[in-house]
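Working notes, structure below.
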Amino acid sequence: MRGIIGYLVTPFGADGSPDLDSLSKLVDHLIAQDIHGIAPLGSTGESAYLNDREWAAVAQTTIKAAAGRVPVIVGASALTTADTVTMCRSAEQWGADAVMVLPLSYWKLTDDEIFDHYATVAQAISIPIMAYNNPATAGVDMSPELLYRMYRDIDNVTMVKESSGDIQRMHALHLLSNGDLPFFNGCNPLALEAFAAGAAGWCTAAPNLIGGPIKAMWDAVQANDFRAARGLFLDNLDLLSFILSGGLPATVKAGLDLMGMPCGSPRLPLQPLSNADRATLANMLKLATT
Amino acid sequence: MRGIIGYLVTPFGADGSPDLDSLSKLVDHLIAQDIHGIAPLGSTGESAYLNDREWAAVAQTTIKAAAGRVPVIVGASALTTADTVTMCRSAEQWGADAVMVLPLSYWKLTDDEIFDHYATVAQAISIPIMAYNNPATAGVDMSPELLYRMYRDIDNVTMVKESSGDIQRMHALHLLSNGDLPFFNGCNPLALEAFAAGAAGWCTAAPNLIGGPIKAMWDAVQANDFRAARGLFLDNLDLLSFILSGGLPATVKAGLDLMGMPCGSPRLPLQPLSNADRATLANMLKLATT
Amino acid sequence: MRGIIGYLVTPFGADGSPDLDSLSKLVDHLIAQDIHGIAPLGSTGESAYLNDREWAAVAQTTIKAAAGRVPVIVGASALTTADTVTMCRSAEQWGADAVMVLPLSYWKLTDDEIFDHYATVAQAISIPIMAYNNPATAGVDMSPELLYRMYRDIDNVTMVKESSGDIQRMHALHLLSNGDLPFFNGCNPLALEAFAAGAAGWCTAAPNLIGGPIKAMWDAVQANDFRAARGLFLDNLDLLSFILSGGLPATVKAGLDLMGMPCGSPRLPLQPLSNADRATLANMLKLATT
Amino acid sequence: MRGIIGYLVTPFGADGSPDLDSLSKLVDHLIAQDIHGIAPLGSTGESAYLNDREWAAVAQTTIKAAAGRVPVIVGASALTTADTVTMCRSAEQWGADAVMVLPLSYWKLTDDEIFDHYATVAQAISIPIMAYNNPATAGVDMSPELLYRMYRDIDNVTMVKESSGDIQRMHALHLLSNGDLPFFNGCNPLALEAFAAGAAGWCTAAPNLIGGPIKAMWDAVQANDFRAARGLFLDNLDLLSFILSGGLPATVKAGLDLMGMPCGSPRLPLQPLSNADRATLANMLKLATT
């Protein structure tokens, strides 16, 4: 697995529950951006705010809508190991190509607790696990040493997604594994540098809004043309940073609405984008498409 | 409400589900420490790791076992506003004297999102809310300014529990409210200083293990005898710090087991205390009781 | 040595050099506040901004003006070990009762480099050294473990001044030394809690401006009357925080000027207090004295 | 000015004073690495640990030894504005091509204090100033907004050196100035990404030890061949990180000694490399040259 992995939001209907029809259309929209994979139920997908039934419906609908056109990586993360096992098993059974597992925490976890958590989950399934480090949302930070140890010692942990935004983590993963461990970047404003450092791909919600430049940037990187990649990146950096700092569910939903694909507001306590921020985003989208 | 509020662990039986008989006995044990209130389903109570039915059973059992002997403050915190409202309403209906609400987060919340979250919850119930700041577990930090604004503008927000361990937050709450806002300390190694700074009380799991010194310290503070309070505090500081840094569910359960009140292990991925740490704790308990 | 240690500013004359007459008057003013010691050439004294000759003149003038009425602790800190030795030897020769040594840094120092620095300095003199931890100004942070090791193993290191503002450091010094190591608090907004935790004293510039309440607070602490101490502390906390956050040289000089003891501006790039901040300070001083 | 700027250590002789003969040879050695400029009296050059006479001797000797073959950027930073002006004027008079000014601090400086400091210095000279941000050593952090404001509003501030290691600062400088502000990277382990982001150059001590790969990496970047640049960077990253984390004066001096160019130890309290670290470095140098 390599390339651009696009995140899906979870659209909500008027009654506040997942709007599965809109979700199917978003799958089509995202695949139409000519990217390499899609990922429902990540941070952008408000997975943490869904109940079990809602999570299942979103996973199943996405896999069905994708219909094998691109791989589907399902976010499957819970506070307890038991719930995480259940989710990963379900995802596998429904046809997911891989799962992305974030070590959610309330009490901080030790490295051994995290390792055992992933080992237990991995033993329960036979599809690949993307170990996902995002200390800002998970409340726990996995060091490159721990990530590498899990990659080396746990069979199904085959790739890492790094969203800490610290390029030195990526260097460390490279050095620890002699360049063997495929790492994906999950921090939009670090995309250019992650590619420079050898990232296998970029997991991002941006293709929902600016699919063309994202794909062009990937192609420039593949052609080893970093001058072109830099131009594309810097031209879109304001937008890439804006959608992250405003909270991806709120900003991406606002952007999709501006583009004629309404999918409701984020779930409370998360609030929709303010009118001022929405206007800013509208301007950025106009600039991006001209 | 003032004084020592004791936290309850959630005991688990052999099958991994809450052991309600043991819980009732723990309620008796904790009330026997002559403290001023008890709090189930907080951080110590592994609330975040329970499903809805388990949470309900623990809340109901605790309230029934307390039987009005001391006030019961029920931890009622969820990622969504809707779930938090449901929990708080249930707690009120079952007879809770107050609820303790922590703003759990995945995406960071803005001050306005947090304010609206508490306002919505407060409108749904008529018992007092203790606004609980614990950035290390909640993933979001409420400033003294925000806490004071909620205390001032939201009817049922009547007290604050500060667990950040930063004494300057308590000073700020005092200055902002002209000494009006009752704040409780939730950080064991700061207990002495929080009382010096005028805290209304101390929310702590320590009475499960060393009820005598904790109560004696409170009495010394009430008598304005801080020399005595300091002696009691410093004599027990190693233990107070140890049970916090090892994760309260694991350390308090180990301590209760050592005292003849087994209540199972924390729920995975949280692991029980290692044998070495358990031996350290046993020694501390011996010193504390002699 | 115990009690309130008052910091001196370094007054500058119209030509920008130290105004030694004004300095002598400030020494009298500070001793008149009935405190237990005075300290020239600390952070408040802009020691880091003086050249060798200026530093010598300030040290000699202060010691002479004090004339044995109270102990004088001279700040003697340089980036190199050799310069620090020279300064400490001079201070001893001129009659200082003790020196306060801060490990200034450009490159971060290892614990061993800091230990050897203090050991070399201590061997060169025979008066006591107050090891001074202030990571915000020194650029290097000394752990309680390192401070205790120096206290235990280096003959003239007999006391510690902690200005990190972290009360847990003071607890750690107590536990490591079984209550033997005398620690002074150097963070104004932590004064009440440091006394609660057993501090031997408080090093502060505040007596320049509000000598009465500071001395009264010390007396209340000595009488184990922390309710009274808390009242005095909280009544003056706004001022204590203000003079720290605005930079002590600028704020204390402005305050002294407002009180009729002009002593010039801080040395550039440090700028004097803005007019707005000066008005705020004037109000605080009025409140403090009524 | 663009490209690789090489840092000089300050060699010390047996008596502990600057060894100017060795310094001249180091200048030749560094220029022989085919780089684009040299910089004495930076962090690597232990500038902060030298007295005025020593600083002057090192500056003059370097400029004379360079003899116009490459531009010389002299580090000229002091705690006071007045001393900084004096140093910058001297450097200009002796023939420096530019000065590199770091806002040294004891008390934290406000943005206005920093701006006025640079403005005063700039007015006193007519050669370019490289504004140097290195919060770890200077104790004060200049935001991209402040750096851009100084670049825009102060005539001689014509370039920035960013050593914070945060790639987002470089992006911010680009966006704020519409790509106009030339920024140099000063953090070795970020060199690849800084070039990807458009850095005008790299200020580094590494050419003292591994001139070949550093120059080859620059050439690859100029040829827009980032795959080659990445290979060169990752092959040497262990060494680039090692010399930084061990303190550049100690590690680079050890490396030069291993290469047959002894230049003494760093000045105390800085200690020379331990034998173990020296052996590690020797191995890295062997790998780099084979």
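As written, the chain order gives the labels A, B, C and D, with residue 1 at the start of each chain.
Here is the rule we use: a contact is a pair of C-beta atoms (placed from the backbone, for glycine too) under 8 Å apart; a residue touches a chain by one contact, two chains touch by 3 or more.
Remember, it's a predicted structure, so these values are computed and weren't measured experimentally.
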Contacting subunit C as well as subunit D are chains none
Could you give the separation in Å between the centres of subunit B and subunit D, each centre being the mean of its C-alpha atoms? 52
Taking the mean of the CA coordinates per chain, how far is subunit B from subunit C in Å? 39
How many angstrom lie between the centres of subunit A and subunit B, each centre taken as the mean Cα position? 35
For subunit A, residue numbers touching 2 or more other chains are none
Answer with line, ring, star, complete or other to describe the graph linking chains that touch. ring
In the complex, the residues of subunit D that touch subunit A are 165, 167-168, 171, 174-175, 179, 189-190, 192-193, 195-198, 224-227, 229-230, 234, 237-238
Taking the touch rule as given, give the residues of subunit A at its contact with subunit B in the complex, in rising order. 43, 48-49, 79-82, 103, 106-110, 112-114, 116-117, 120, 136-137, 139, 247-249, 267-271
